[in-house]
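Working notes for the structure below.
Order as written gives the chain letters A, B, C, D, E and F; numbering starts at 1 within each chain.
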């Protein structure tokens, strides 16, 4: 992936804006760009969502598959998250196996969903130790204008809430699928992610690509509906102070509450 | 900014035998084409055709970094046809397989004749075709959308390449096979043309056809191309005004 | 793979020849170069052929293996075609996984064999849904002087006709192989491929490498012994007219008939 | 030439509730750090922490051969975190997996703020972290050892980055989770700091914590960092004298 | 992997030293550098060793795993040797899949152990044709200062002697593992390797990196405790005479005897 | 243009104990060598030895495009030993495996001493060895054929490297082990020499031999090399006349 060189003048201008309490698109520090979320967009996927945050756009698809559980968790289903920064989305993305940015995006999204207990994975066990549902969550990034993390988690949450799986029964130790009967994926919790960029000494939420390119550091905080922190990931080449981190956590509580309103009311 | 063209009025003059989905033998599935649907790409287009959903981004003409691919007297046109993992019934593993490698190659050859490549020596024009949902006929859908995306990117072209398949299903020559028809059908013939001259830029045939059946199928596919061609032009006009 | 630059003077000269009804090696437009075909050349392969069209040379080997059928065709055997443009064959070929030319060659050959129904794949089913014969057809290109498609299909057809597989019986739901009893692969149809290059406004059959390098377009037509078209593939950077295509189909009928004479009489 | 620092005297003032391995909630596992343990590398360090054994080699600043990675105004800091196949209970297949790719990325970001990269434009500093044995907390162990190896290589730095995790196990916030505690635990928060300013250069959180628990955990991790920081400095002093 | 250019002056100087019967580190032609060997260094590995020959350092780990035997040796366990020239060990090593040097090192080590019959592989069979112990031997090269071959074999031998595997019993055709009972790997023979470099017309044992870089040729000889040759591998860009080879074999007998003293007395 | 040399008269003076295939202990399998068998390659050779069928193509000396492999004072000699998928009983998956990587390396080292590499600085000579059918002893067959192909390409050489294995089978030292003998045999010693000086350019030993047995085996392999060497020269003479 190429290295994008940002002219010093843009860096300075964006920093000065923030120092004056402003942003280039007139948002306040705690404002998201326009959010668009639609579910059920791919008929062949058992769950799907199209999410836009500003000009950033991600397609998320969920596909269940019957497989073997991990040997150390024999009665628990599996959630697998994969992400592709396809070259469609940005002149800087290149074809090929997922690079480190793509891997980080998938793993942070995965941890956020899993640690929050979004899906009741125990209900996905069909035959203990032998057959469980595996849910493949695929993030297809098609337009990249910054803040992939929050869009990925929002889209994943919505796609999982949209997902219906076939009823699997066990008859004589064999799994029997009823393709007619579909039941919603058992959703136990809701969690979203809130990302701040540090620019001009301040933390601003939902950085655009332009802001990401000049930011000193980044912090992404995953939070459940009950306000507990389920995931966190610092990024960027500069440090954060403890105070900045704790303030980001505090602000995340408020912001996530509003963000949750974009999710569908219930799943089915 | 986003334009939607549908074909509700198309196929109305066909009264021949009905197919599983109720279409006449020379009837296309419902479709829509939109231009300019992505922000970062230099040009883009979105196409739905039956259950197919295809997104195309175009980048370029831009600098080509891989020296051994560089052409001293023209641009290289690179296509990447890719299926999203969730686009098919059984999840597709990410990354290119043999099928997508072949389709990428012939898509590139289908588009090349229409593009003034000689205007951009030593550079590349990259066409990224993402199949978001597949229901039979994605290679043609990708080519048709790619032309609109190339136009949206302002790439100078002789013509708007357009593609459509015809084939043989239950003994009859029919237009635009659905996934079900393709699976049980006897033959599938994807065709791309440059509509101004009618010249063929993509042609494959998969299945068994007598030479007579083949000619009929080819003619029908070209008819389908002509219908889609209108929708391509309208999509571009709606995007840029006339 | 490197890009071969053809001097404009060669392009012009070959085009002019064709415009005058001639070719650089004095063939007529419908003539193949000398064809050499030998089967049974690799003892360890259950079927094999060495084919030469002019200076182009391909070794084809067929190896059967017992495997599982595809889930949507449980009572049908499998034909897998693979092609390697090994660097031995040309200064332009490089080591590594098959490139797009190699993939296209294998897939077109495969479609031609499969759609023509060359092998009676239903007879390759051993236990429905569980065990079938898989025939691996490997194309090893060792000398590349143009028109790989026709050579690949000719060699594949001959190798399949040469193939003998062991008798597989089912005893108590287990597959039992009798290594002593070998039976010919059930061949149902014969199909060959005929490739035209468009040069100087004309279609000429069996292009040499030199001709391929200057051609505007290419069309390969697979045809069964009964004259039906089982495969077709256009290639090249320029278009073809509908008339050119239909005329190529017509000529293929005549040419293929002669080409069939190179095949062994029957597979015993 | 090889120096060994142990922490036998650490943790003595903790008398809080005991853990499975008998440690107090704010007690680190036994550890030692050595600098200059390899011959070929420009700098190196070895760290043991509980059952973890981590070796780090540093090469550079040296010429960067991959042009597209080159930075005109600073050095690139590349980290490769790798687990030896025999370092874990079930043999690990050689080569990078998604976990090691992510850890390599965040390790590099954790170290970067402390290094005067701007002194070496167009060059690279390569940090190779090999986990010879893993028992929970290898990413922090790798970062702590990497700082010592960077110092051993004479790379100019603002500070010695040091890393330590805290987390929640059996309902209690505890320092430096062992493998067993991490597996059954409720949360794990790896943290790296630059001890002079206390600024945080690595922060992850995996598991569920209330904001109050998170703050407590973060504070405890920083305390752990400060203890390890002393040992880092001693290792370097022992290697080079004072 | 980069190409290291050795100044002609170093080459000449090392050649002249050897011609005068000397080496740059004052060793005699048959002397090894200091050898350090420690076993049991990795608790999570069932067998392990850290070996140093001079400044060259290798970590070796052995991990048993239950798997299927090869179909042509149904009652025999499997020894798999893998080697990684990790970039930690040398400025010339690069990340990525094993290159040809790494593959050669692993394969020569593997042949030496296997052909010598070091491990009694028949005793590693659990259920004939179905379940055998597979021993994965991983060579992790962490400091490279020449003569990896001898260090790899010495470390492998020591790691195998250090290895304890769990007792596997067969109850009702199922394998039952007793994690409490560990038994030493059945060691049948001892074998080590002795490598000579040809410099200045002479063969000198245990070449340092500096010597390897200027050597004309290399010969590595694997020898069992009973003096028989179990492996041999010539390397380098220049030939060896038959006399040189036979003399190397002769000297190996003496040198290996001394080398054997570094091994632990027995594996308990 | 194509020359065929067979060894029907070879081995006639051997009357020692018989092997499974009826050969004397110092008898080679039937063989033939042809030079100039491919059109595109700069040089080529085909060798049959027992059931082995090996084809070799040589390209070069030619420009080397990979800068980091380039040698300022000599050509690089690159060998690629590859087995066709149909060359063995169980189909071989295409692409290099560890065995072929090692054989490629030692084949290159076996040929290098004979080639005047210093005449072609900064360039490459590429040797592609394709095993079309394998029946024991393919690495030696590949080296022997490669020398003929190098000569056919006009690459200047000090000598024609030739290779042959000897080994121990059923307690006896025998020449040129067949696949069956190699599988059940006690030892296999592949050897390559430059026949003018008798110097050894490839030597491996796999199996257990006393030093005395080893010496006998080595001598026998060298004898085998000398026989094959004659056939190499004849193949070249037949191709180019004398």
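The working rule: a residue touches a chain if its C-beta (ideal position, glycine included) is under 8 Å from a C-beta of that chain, and two chains touch if they have at least 3 such contacts.
No experiment lies behind these values; they were computed from the predicted model shown.
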Chains contacting each of subunit B and subunit E, listed by label: none
Starting at subunit D, fewest touch steps before arriving at subunit F: 2
Farthest chain (mean CA position) relative to subunit F: A
Interface copy of B-C among E-F, C-F or D-E, judged by whether over half of the contact pairs recur: E-F
Between subunit A and subunit D, centroid-to-centroid distance (C-alpha), Å: 27
CA centroid of subunit B to CA centroid of subunit D, Å: 52
Centroid spacing, where centroids are CA-atom means, of subunit A and subunit B in whole angstrom: 32
Residues of subunit F whose C-beta touches two or more other chains: 68
Junction residues of subunit A, two or more chains touched: 98
Chain-level touch network, classified as line, ring, star, complete or other: ring
Order of the ring members, counted from subunit B so that subunit C is second: B, C, F, E, D, A
Touching residues (chain side subunit A, partner subunit B) in the complex: 42-45, 48, 55, 57, 59, 61-63, 65, 82, 84, 86-91, 95, 97-98, 136, 138, 140, 142-145
Residues of subunit D that touch subunit A when the two form their complex: 68-72, 98-99, 101-102, 104-106, 109, 112-113, 187, 189, 193-194, 197-211, 214-215, 218-219, 222
Contact footprint of subunit E on subunit D as seen in their complex: 38-41, 51, 53, 55-57, 59, 62, 80, 82, 84-91, 94-96, 126, 128, 130, 132-135
For the subunit E and subunit F complex, residues of the former touching the latter: 2-3, 5, 98, 100-101, 103-104, 106-107, 111, 115-117, 219, 224, 227-242, 245-246, 249-250, 253
